[in-house]
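What follows are several structures.
Shared chain: chain A. Partners: chain B in the first complex, chain C in the second.
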Partner chain A sequence: MSLDLFNQVAVLVIFSINAVMLTVLVMLKVVHRHRRLDHDRRRTAYLGVLSRHLSMDDYNEPITETMAEDPAFLDALLDMRNALTGDDASTLGRIVNHHGIIQRQMRYLDSSWLLGRRLQAAVALAELGDEMSAETLMRHLDDPEPEIRIQCGRGLGRIRWTPAIDQIVSRFGTEIPWVSTRFSDTLVGYGAKATWPLLAYIRINHPYETQGVTLALRTLAQINDDQAVGPLLEILEESSDVEVRIATVYALGELGSPEALAALDALLDDDEWALRAKSASALGGLGDPAAISRLLHSMRDSNWWVRRSAAAAIAGLPGGIEALYTALDDEDPFAADAAAEALVDAGELVSARRRAEQEDALAEPLLAHMRSGWS
Partner chain B sequence: MSEKKRILVADDSETIRALMQTALEGAGYEVVLAEDGLSAYELGSNGDYDLVIIDQLMPGLLGLDVVSRWHEEGMKTPVLMLTGVDDDRTAVESFDRGVVDYVRKPFRIPELMARIRMQI
Partner chain C sequence: MSWVGYATVAYFIAMQAYLLFLALVSAAALRRNHHLRRYGRVGEMLSSRTTPPVSIIIAAYNEEAGIVDAVRSMSIVRYPRFEIVVVNDGSNDGTLGALIETFQLEQVRIPYRPDLESAPVRAIYRGRSGVDITVIDKENGGRADALNAGINAARYPYVFCTDADVVLDPDCLVHSMQRVVEDRARTVGVGGNVRPLNGSRVQLGHIIEASVPKRLVPRMQILEYIRNFLASRPGWSWMNAVPIVSGAFGIWKRSVIVEVGGLTEGHMGEDMDLTMRIHRHLLDRGVPYRIVYEPAAVIWTEVPDNLRVLRRQRIRWHRGLMRVVSDFRGMTFNPRYRQMGMIAWPGFVLFEYLAPMIEFVGWFVVPTAWLLGALDTTALIWLLLIALGMGLLNSLIALVLDESFGFFNSPADTSRLIAVAVIENFGLRQMTVLWRIRAMLGGKGTRSWGNMERRGVTNLAGQQ
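Let's look at the complex of A and B:
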C-alpha cells in the first residue's frame, strides 16, 4: 500500500470517528433538552393541580401515586411550599404526609445508585424540614458527596435539630472548606444555641489546628451572642496561633462589647502587624470614642496597613471625623496621609470642596493635603 | 350581568403566577399575567385593570421602577406589592411611590384575597 493511500484511509477513519462522536453528542443534547422540557411541562401541570387544591374548596381531583412519585411534582410542591405560609403550607404538608413523600426521599437518599436522585432527595428533605428525616440527615453528614453533606446540614438547621450542632461543629476542622463554610451558615441559623458548642470546639482545638477554629470564631462573630465575649477574651490570652488570635479579635470587634476594650487596646502594641491592624478595626467596631486617642497613636505605626486600619476605625467612631481633620497636621507625614485617606473614603473630599466654595476654613486642611500630594 | 374585574399579575415565578391565576379566576376575576418587569410595564400602560399585583425582584425592570413610571405617567390603578423582599425600607419606598398595599412572601392565600377585595 502506498503512503498516499495510507494517509487517505487514516484521514477517512479520523473523520468518521469525529462524525460519530458529534452525532452522539448532538443526540444526547436533544434528548436532554426534550427531557427538561417534558419535566417543565409536567411541573407546570402540577402547579395547576396544587393551586386548585389550595384555592378551591370544592376541588377534589385526587393526587395519584404516579404524580406523587414524579420528581416534577416534588419540584412544584417545594416551590409552592416556599411561597406560602399558614393554613396553605399546612395543606401542602398534609399532601406530603399522605403520599409518604418524606419516606420516599429518605429511601432514595439511603439507597439510590443514581447520584442525581440522591442529591434531589437531600435537597427535598432539606426544604421539607421534617423531624422525621433528622436521623437520615445526620447519617448523611458523612456522605461521600459534598453537596449532599451540605444539604443534610441545611436540613438539620431548618428543623433546628439540636443534637446536630455538635456533629456539625466537629466537622469544621476536617471538612473541605466550601462544605465547612456552608455548615457555618447552618450554625448561624441556630443562633445562640450554637454558641457554647462552638466555644467548646475552639477551646479544645485551638492548640492543635487553625482552619476549623478560625471558622468557628467567624461563625461566633455572625451569631453575635454576648455570652461569647468572656470565653473569647480567655482564648485570646491563651492562644499563640496568630490566625486564631486574628479571628478572635475579629469576633470581639463584631460582638462590640465594651468588655473587650482593654484587651484590644493592648494588642495595638503587639509584635505582629496583622494583629495590630485587626485590633484597630475591632476597636472601631466597639463604637466607643474613648479609643480615638489610642488609635491616633496607631496612625504612626511602622506598618501602612495598621495606619490605614486605625484611621478607618477612627472615621467610624463618634467625633472621629474631627479627630482625623486634626491629624492632617500630624508631625508624622504618614499619619497625616492615613488621616487624609480615611477622610476621602468617608466622603469628606466632596463636602470639603463644597465647603471651600462657601469659603469655610474647615475645608482647607484636607484640600491642602490633597494638593501637596501623598508622602 | 356585571363585567369581570381585571387584575394584572406580574411575577417572574411560575409558581406564583399559577397560584394567583387559579385563586383569582376561581374568585371570578379576569387575570392577565406578566413574567418580567418590562412586559408588566407595557401591559399595565396599555390596558385597563382594576388592580395590579406586582413582584419587586423581576428581570427587565424592578417592580418599584415599574410603579414609579406609572406614578409619573399618572396611572390611577391601585398597585399591590407581593414580594419576598423583607426589609422595611423597600416597604416604605413602595408606599412612597403610590403602592396601596404590601404583602410579604411567604403569604396566605385567604389573607391576600381579602386584601385584594379591599382594593376593588
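Let's look at the complex of A and C:
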C-alpha cells in the first residue's frame, strides 16, 4: 500500500470516527435534555396516579407493565414511600404487591445484565423494604457489585430481617472496607438485636484478624447496649492486638458504663501511646468526675496526643473546666498548653472575656496565657 | 521524507494512540462511576460516625478579594466533620483583617506541631462565628511553605489542600472521602475534578449555573481541563498510577505527607512533586497503597483569562514539570516502580514533557521536507489532516464523557467547546508549544511565579 493510500484511509477512518463521536455528542445532548424534562413530568404524573390509588378506595386505574418499568415511576413510588407512615404506608405496600412491582424488581436484580437496572432494582427493594424480597436480598449479599451488596444489606435492615444479622456480621472480615462500613451502619439500625452476634464474632475472631473485629467493636459502640460491657472487658483483657484493644477501649467509652472505670484507668499507664490517648478519651465518655485527677496526670504525658486527649476529656466532665483553669498554672508548660487548647475548644475564651468584664478572677489565667503570645 | 520526519510522524501516532488508550480506559471507569453516582448511597456517609474527619487547608497570599467567599464556600460543604485551616502567608493586603472581621477570629495560644518545616508562625487565630476555622498567620514563605504550616496545624488525619480562589461543589468532600472509606488502609491520596469557573454564575459560594465563556482563552482552557480530568486521569487512576494530584484539589493522609517531608518550597510543580515522591516512597518500601482520582468530586477554579497571564502560568508549569522529570528520571522504565515506572510515568515524560520539543522540531522538519521536495503537497495535507483529526477525536471523546455530568446544559455551550476543539489547532496550541520551549530555555522571566491577578470568584464569575 502506498503512503498516499495509507494517508487517505487514515484520514477517512479518523474523520469517520470523529463524525460518529460528534453525532453521539449531539444525540446525548438531546436525549439528556429531553430525559431531564420528561422524567420530571412523568414523575409528577405518577405521583398523581399513586395518590389517587391511596385516597380513593374504588380507584382502579391499572399500573401497567410499561409504567412499572419506568425509572420515573420508581422514583415517584420511593418518594411517596418515604413520605408516608402508618396505615398509608401499609396501603401503599399493598398496592405495590398487587401490581407485582416487588417481583419485577427482584427479577431485574436476579437476571438483568445492565448494571444500571440491577442497581436501580436493588435501591428500589431496599427502599420499599418488603419481606417478600428478603430471600433475594440475602442471596445478593454475595453479589459481585459492591454497591448492590450494600443496598441488599440496607434493605434487610429496613425489613428488620433477623436471620440476616449473622450473615452480615460474618462478612465483616472478608468484605471490602466500603461495604463492611455500610454493613456496620445497617447493623446499628437493628439495635440491641445485633449485640450478641457481634460479640460472638469478636470473641471467635479477635485472635486471628483485626479489620473485621475492630469494625464490629465500633458497631457495638454505636449500638450502645449495656449488655456488651462485661464481654468487652474480657476481650480487653485477652487481646494482644493493639488495634483491637484501641477499638475495645473506644467502645467502652461510648457505652459509658462505670464498670469500665478501673480497666480504663489502668490503661493510662500502658506503653502504647495510642492506647493511653484512647483510654483518656474513653474516661471522659464515662462522665465520672472521679477520673479528673488521673487525667490531669495524663496531661503531663510525653506524647502530645495523649496530653490533648486527656485535656479534652477533662473538659467534658462535670467540674472539668475549673480543673483545666487550674492546670493553666501547671509547672509542666506542655500540660498548661494542653489545658489552654481544651479550654479554647470548649469555647471558654469567649466566656473568659465576658467573665473578665464582670471582674471574675477565674477568667484571668486563660487570658494571661493567651496574652503571653504564641511561641 | 528523512528519518527525522518519519520519527516525528511515528512519535505523533504513538502519542495519539496513548491518549486514545487513556481515553477509552477512562470511559470505562466513568461508566461505572456514572451508575454509582445515580444509585449509590454516598449520602449515608453523612450520618455515619465512621466517616473520617478532614482538615481543609487553604494557602492565602494577598487574597483579600476572594478569601472570605472561598471560606464561606468551604464552610457549607456537606460533610459530617471538618475544620478549615487558612494559612495567611505573610500577605501585605487585608487578607488577615478580612478573615478576623468576618469570622470573629481571636488570637489563641495553643500547641502547634512543627512536623514539617515552615517559615516562622506569628500567631494562631480561632473563629467564634460558628465556622470551625483556624487561621495561621505566618511570615511569607511561598505556597508550599504555607501548606506545610497548615498541615502542621491540622487536627484531623486527612488533609485537603486547596487554594483560596476556588468554589467547592457541596458534595466534593463526601465523594472524594468515599474513595478513602472504600479502602482506608491503602488509600493515601485522592484527587478531584478541577473545572474552570470563568463564565459560570456564582452566588453565595455556590455555582448556580455552569457556562462556557465567549472569550477564547478561558474557553480553550475549559476544553483542556475536560480532556485532562475526564479523558486521562480516570485511566491513570484505574492503573493506580496517577502521576499528579492537582494542587487545587488533593486529599492526602496527613501522616504520609509528614513521612515524605511535606511539600517542596520553591518548586513550580509542587503538587506533581509531592504525588511522585509519595509514589516513590511507598513503592521503595513495598507498602501497599493507592492514589485515586474521583471525577464526581468537583471543584471550580479561576483560570487565566488573557494570554499574558496564561503564558506566565504555562511557563511556570513547564518549569515545574522539567524539575519533576529530572528528579524522578530514575523511575522511568524502571520495573521496580511497576505500572507507575513502566506505563504512566514514561507516557507522561514522552507525551507531555517531550511533546513541545518534538512538535517544535516537526515545525521545521515537515516544511523543510516539503521545500526540498521530499514530501509532496498532497502528503503534507494528509498528514496535517491526520494530526487535526486525531486531536479532535481526543477532544470529542472528552466532551462525550463530560456530557454524563450534565454541567453544561445549553447546546450553545457545547457548540462553543466543539468549535474551540478545532480553533485551538490554529494558533493557540502553537503558542503553548512556544511558551513551553521558552520555559526550557530558562533565563529571566521563567523563574518567578508572577501574579494571577485574582478578582475573587464572585467578581470573576459570569464575565464573558
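By our rule, the second predicted complex is superposed on the first by the 329 of 375 C-alpha atoms of A that agree within 3 Å, B and C clash if a C-alpha of one lies under 4 Å from a C-alpha of the other, contacts with A are read in each partner's own complex, and residues count from 1 in each chain.
Please note the rule applied: a contact is a pair of C-beta atoms (placed from the backbone, for glycine too) under 8 Å apart; a residue touches a chain by one contact, two chains touch by 3 or more.
These figures come from a predicted structure and were not determined experimentally.
After overlaying the two complexes on the shared chain, residue contacts for A:Asp337 are found with chain C alone; chain B is out of touch.
Once the two complexes are laid over each other on the shared chain, residue contacts for A:Asp270 go to neither chain B nor chain C. By the document's definition of touching, neither partner reaches A:Glu259: not chain B, not chain C. Using the contact criterion defined above for the overlaid structures, shared-chain residue A:Asp166 touches neither chain B nor chain C, since it reaches no partner.
Chain A has more of its residues touched by C than by the other of chain B and chain C. Residue contacts after overlaying the shared chain place A:Asp88 against chain B, while chain C stays out of touching range.
On chain A, the surface touched by chain B in one complex and the surface touched by chain C in the other have no residue in common. Within the complex, the chain A residues that touch chain C are 3-4, 7-8, 10-11, 14-15, 17-18, 21-22, 24-25, 28-29, 32-33, 36, 115-116, 119-120, 122-123, 147, 150-151, 154, 176-178, 181-182, 184-185, 211, 215, 218, 222, 304, 308, 334, 337-338, 340-341, 344, 349-350, 369-370, 372-374. The touching residues of chain A, when paired with chain B in their complex, are 43-44, 47-48, 51-52, 54-56, 76, 79-80, 82-89.
Contact residues on chain B toward chain A in their complex (touch as defined above): 13-16, 18-19, 21-23, 26, 105-111.
Residue ranges of chain C in contact with chain A, taken from their complex: 32, 35-36, 38-41, 44, 47-50, 106-113, 121-124, 126, 128, 178, 181-185, 378-379, 382-383, 385-386, 389-390, 392-393, 396-397, 399-400, 403-404, 406, 409, 411, 414, 418.
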